[in-house]
Structures are given as C-alpha cells and as structure tokens.
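These are the structures in question, set out in turn.
Two complexes, one shared chain (chain A), two partners (chain B, chain C).
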Partner chain A sequence: VMSLFTRFVEIGRVVLVNYGPYEGKIAVIIDVIDQNTALVSGPQKITGVPRHALSFKRMSLTDIKINIERSVRQKALIKAFTEGQVLEKWEKTSWAKKRAARVKRANMNDFDRFKAMLAKKRKSHIVQDAQRKLIKASRTK
Partner chain B sequence: MPYHEYQVIGRRKPTETDKNPKIFRMRIFATNEVVAKSRFWYFINKTQKIKKTAGEILSVNEIYDKKPQNIKNFGISLRYHSRSNQVNIYKEYRDLTRTGAVTKLLTDMGGRHRTTYRRMQIMEVKAVTPKETRRASTRQFHDSKIKFPLPHRVLRAPRKRYDSLFQAKRPITHFR
Partner chain C sequence: MPKQLARGVPLLSRSARYKKSGKWAVKHRGPVEGQVKKSKAVVTTKTEKKLGKKGTRTVVRPRSPRFYPTEHVPTKLYSRPPRPPKIRPSLVPGVVLIVLAGKLRGKRVVLLKVLPSGLLLITGPYKINGVPLRRVNPRYVIATSTKIDVSAVEVPAQLNDEFFKKPANSAPKKSQEEFFEGDKKDKKKEISPERKELQKTVDNQILPIISNQEYLKEYLNAHFGLNKGEYPHLLKF
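And then the complex of A and B:
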C-alpha cells in the first residue's frame, strides 16, 4: 500500500504552506512532533518561514526532498537547501508556475488586460488561419 | 485556550513573632495571572496551614521554556477527580514547550475522562529523554528516519472568504 504513495512526511521533505501567516511559502520538514504536527523551517533567511510547529493540515507535500539531519539548525539547513537547489526546482514545477500565473493575473491592470486581449486575438487569428489552410487542403484532396 | 506557566511566590504575612516566614514557590499552569494566584492559594491551603487572608503573594512571573524550538517528550503526572474517586495518572506528550504539552493534556483529559482544569492537579511536568518514555504512542516518533504518507487529505481554503459551500469538481483527497 505504501507503494501507492509517492509523497511522504519525512525529514527533509519540502512542503508548501497552505494556511496561516506564511501561506504560499515553501518550507522544509525538520522533524515530526506528533501525528498532527511537524517542525518546519523555511529556512527563514531564504523563504521567510521561521522554525515553528506546523500542522499537517496546513501544508501540502511537494515532490522535492533534501538530505538533512533531524532537527537540523539554520546554517546546515541553508547549506542543504541551496545545494539541493530547492527554490529553482520549485519554481520549475507546473504547480508553482500555475500559482505564479494566478498572482500575475490578479495583479493585472486595465492596460495589461488590453494587451492580453490583443495577444489572444492575434494567437487565435494565427491558429484559425492554419486551421483554414488545413481544411482547404483536405477538401481539395 | 493557551495556558501559561506562572511562578507564584508567597508566604504567610509576617507577624511580631514570625518576622521572616517561610517562602513558598509554585509553578502553576493557568490561563492568566488571576487564576494562577487563586490556584496557588488552593495548593498552599492543602499543603500548609496558610489561608489567603493570612498570607501574601510576593510575586507572580510568567515562565517561558528555555528552548522553545526543540522538541521534547513531556511526562506529566497528575491527579484528577473522576466522577467517583480520585485517580493518579501519568501521560506523555510530545511538544516544543511545557505550556504546549499542558494545553494538549487538558484537552486530552477533557476528551477522554471528561475532567476540567479545576478537577485536575498537575503534579509534575518533566521533559524526559527518549529512553525514559513509557508510552508506545510517544516512542513511535523516536525514529530519525520517520516516514509516513498523508492518506486522506482534506484541503481547506487559505482564507475563510475563499471557503465555498459548493464546488464544481470533486476534491482529490490523495497526494498521489
């Protein structure tokens, strides 16, 4: 049954904080306190999440994992975090990209929306042109 | 409710015959200082022949954990009044702070034995080493390679205003 799961709560697992003051930031599980809570840390200097207890209900596990000791201190955590290139790996995931796109869309002003509209029109024009050409080619065959 | 740990120091009021009465110090878990002082007198009454009217509190200070970032295994001995008699029990909780462990204890006792704060006397809250822990439920976390999945995930909206009563799609409760 364990083989059905790919993301585990384990020391070094990178998580996305879903709720609370550090919502939207990523952190690393340093230790497990009990069945509901883990001790997580950003590290604070990199992601802004301090070392504190976080409920499993308030986090989402990601695919990223780094190699750290149990209850590791900030200096060693920062080293493992940067060597593991966690931030880069996270930004590359489609999960992070979707979140960033949502933020971007929410922060659009009217001019941005106008530019987006023009771009969409141009794109659909190109697609329809190509589609028309293909249909015409298949009809003449 | 967050509990705080207070150090309450008190003594009998000095009189002509007893100019320097013996000073007593207690570590009380309470929600506020008022309750802490009240519990101090409750315990002093039981153990010494001092009443609140005959005594004075010298100081009430809040105590904090020395290392609130480290996980500790707390072994708590307490005495509580059940509906028929008094019981001594020992319970263990894993937490970062003493007050965190006591908060867990009080909610746990309320749920398991229907006791309330006033019916309990916390005798000792001690951070024990992993070797000294007695409960399997605490021991199971003493694993440097601990690893488990989160099988049934009910995600909640990041803010209350994004919480919706109806959803277009069925939520996915597994994490792959």
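And then the complex of A and C:
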C-alpha cells in the first residue's frame, strides 16, 4: 500500500514551532494531550523550547524522529536528542537552509547588498561564457 | 502624571515648583552688547508742599528725561551661547553615508566630522567618486553601518563652517543687457588651489584605509538605487 503520508504526529517526532514566543525553534513531541495539543519540549537546554503544551496548529512536522518514551524527562530527552544528532540533521535540510538564507538576506546591510550584486554579476558572466561556448560547439558540429 | 490634583490645586507647591524649575541655579548673566541697562536711580525733583495746619510734605516727582532716542532701539534679548549640535548617534566620523537629495543624490560618501553648525563635513574621496570636501545636511543623508577607521586621519582645523560659507556677494549683479542675454554656458567655476591642496591632504590619508578593505572602493564609486523588491522601510543600511 502506498502511504501518502510520511510525517506523523508521534512521540519523538521533531517539529518546527511556527507561532508564539518560540517561533522558528525546533522541539520534540513528548506526548499527545488531545486532538489539538501535544506536550512538547526542546529540550530546553538545546533549542530553548521549554516543556509545554503546544497546539498542532502552531507547529510543522519535520522528517526527523527520535526514539523516546512517552513523557520522557529532560535528561533522557537530551541524551536521545544528541545521540540522534537532531540539530545537525535539521540544519542540513534545505528547509532549514532556506530559513537561514532568508534571515541572512534580511540582515544584509548596504555594503553586503553591493557585494552580493557583484557576485551575482560575476556568476552570470561565468554561466553565460560557458553557455556561449556550448552553443558555439554545437553549431560547428 | 497629573499636573493638578484637582481643578485649581496644582500637584507641586509654589516652593516645590521653584525648586524644580531650576531658576535657583541660574547664575547672574553678564551684560549683553546692545542691551540698554535701565538706570536704577531715577532723577527726581522734590518740592515742599505746604499743608496748612499739617505742616509740609515733600512731593517727589520723577524729572522728565533729558534724552529720548529718535528711533526706537529695541533692547537686545538675551540669547544663550550656542551648544554643540545634537546629531543622530549613527553619524560617527568614518561612516559611509548615502546622500539622498541635492546635486550629490545617490552618492556614497565618507563622513569626516560634524561641524558646530550641525552640518556634516564629507569627502568622496574625490578620486573615487568626484565628491569634494563639502558640507551636507544630516537630514538628507542615510548613515550606513559601514564604517571606516578614521581615528588616525587628521582633518585640518581650517575646514570649518566659515571656510565653506558662500561669500556675501557671490551672486554677481547683472546689468540689463546681460540679463537679457541669458546665462553664458562656458562659465566655469574656478576651484582655488588652496581647496585642491586641502582635498589632497585629507584624501591621501583616507585612500589607503579604503584600499585595505575589499570592494570598498567600488562600493563608494557606485550609486545607490532601489531595485525591485527593495523597500526602504525593510532594508537594513
């Protein structure tokens, strides 16, 4: 059976918090409270998200999952989190990279924007040169 | 904080208000030029008036003054000595500025110092973008976060507001014929060799500092412009 869904709300699922004071941080689902809320924890020492109830509407599920028991406490959670290399895996995803790039772009100052413009020009020169060579080569064949 | 406890009842008593106003700290001001001091002693005439049974009493009447000025000379009001100008904290010597209005609009220049008049002394440097030593109004300028270390740069003390002020008779008065002839297009503004020398002394100190940082020279040469998707209220400078 082809499963349409790959990301499930389950204990150990790593989520990205979308709304509220911990927006932009990742956390782990430790327990499910009811249809709308989950008990979630950073762990606080690693991601800054404390152990608290979070609505499913305020989070996005990621592909990352760790093996923990229901309602596990901080010490065990930190152990599972670091062993599972969750932060590294998260930072590698293009999702996280795109978020970081957006932040970087917003924080560029005028000089940075100028340097970025120069780099873009240089890149397009290189690409155009290569393109021209390929076109020329295909014509002479 | 209410200034009244109730209508007609102020929050502070008269003595408290006096204390707060700081008037007690104001020292006696010296005499101002042009301020006509009122003489305290009024010249009077005293006459003895006889009052029959009661005896006499002296009537003191001020004598009409011997001198009246023909034109009303207004007494000069006290004006306090000028204080150093208040400037945005982002305007620090060495900062790269974007000039937004005037002939230099769109240019990126280096701030040298804040003059006592409140205007900013800037330079291109001239070799990079053709902007000379000049004064610029801080209101028409965006301060970027790019700074050049100009702590070692000595700005000649000669460069002050007086140096840059236009002479009083700078606009030549045209005769009637000249007025109808129109402007001659080959009128070139001559720059004194003194200015060129000063430009060199300042720029030669700054140029090596600029060449140390990659792309800074190209940055100062380029014009500032808004591109698609760039909104000034969202941009960080």
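Simple rule for what comes next: the second predicted complex is superposed on the first by the 139 of 141 C-alpha atoms of A that agree within 3 Å, B and C clash if a C-alpha of one lies under 4 Å from a C-alpha of the other, contacts with A are read in each partner's own complex, and residues count from 1 in each chain.
Keep in mind that, in the parts below, a contact is a pair of C-beta atoms (placed from the backbone, for glycine too) under 8 Å apart; a residue touches a chain by one contact, two chains touch by 3 or more.
Keep in mind it's a predicted model, so treat the numbers as computed, not measured.
With chain A as the common reference for superposition, the partners chain B and chain C occupy compatible, non-clashing space. Contacts of A:Gln85 after superposition: neither chain B nor chain C is touched.
Remark: in the superposition on chain A the angle formed at chain A by the CA centres of chain B and chain C amounts to 90 degrees, rounded in steps of 10.
By the touch criterion defined above, A:Asn107 reaches chain C but does not reach chain B. In the superposition on chain A, A:Leu61 contacts chain B only, with no contact to chain C.
When the two complexes are superposed, the chain touching more residues of chain A, out of chain B and chain C, is B.
In the overlay built on the shared chain, the residue A:Lys115 is in contact with chain C alone; chain B does not reach it. Taken over all C-alpha pairs, chain B and chain C come no nearer than 13 Å in the superposed arrangement. Note for the complex: chain C touches chain A at residues 96, 98, 108, 144-146, 215-216, 218-219, 222, 224, 234-237.
Within the complex formed with chain C, the residues of chain A that make contact are 106-111, 114-115, 118. On the side of chain A, the complex with chain B involves touching residues 2, 5-11, 18-19, 23-24, 31-34, 39, 51-53, 56-57, 60-61, 69-71.
The touching residues of chain B, when paired with chain A in their complex, are 69-71, 93-96, 100, 141, 144-151, 154-156, 158-159, 174-176.
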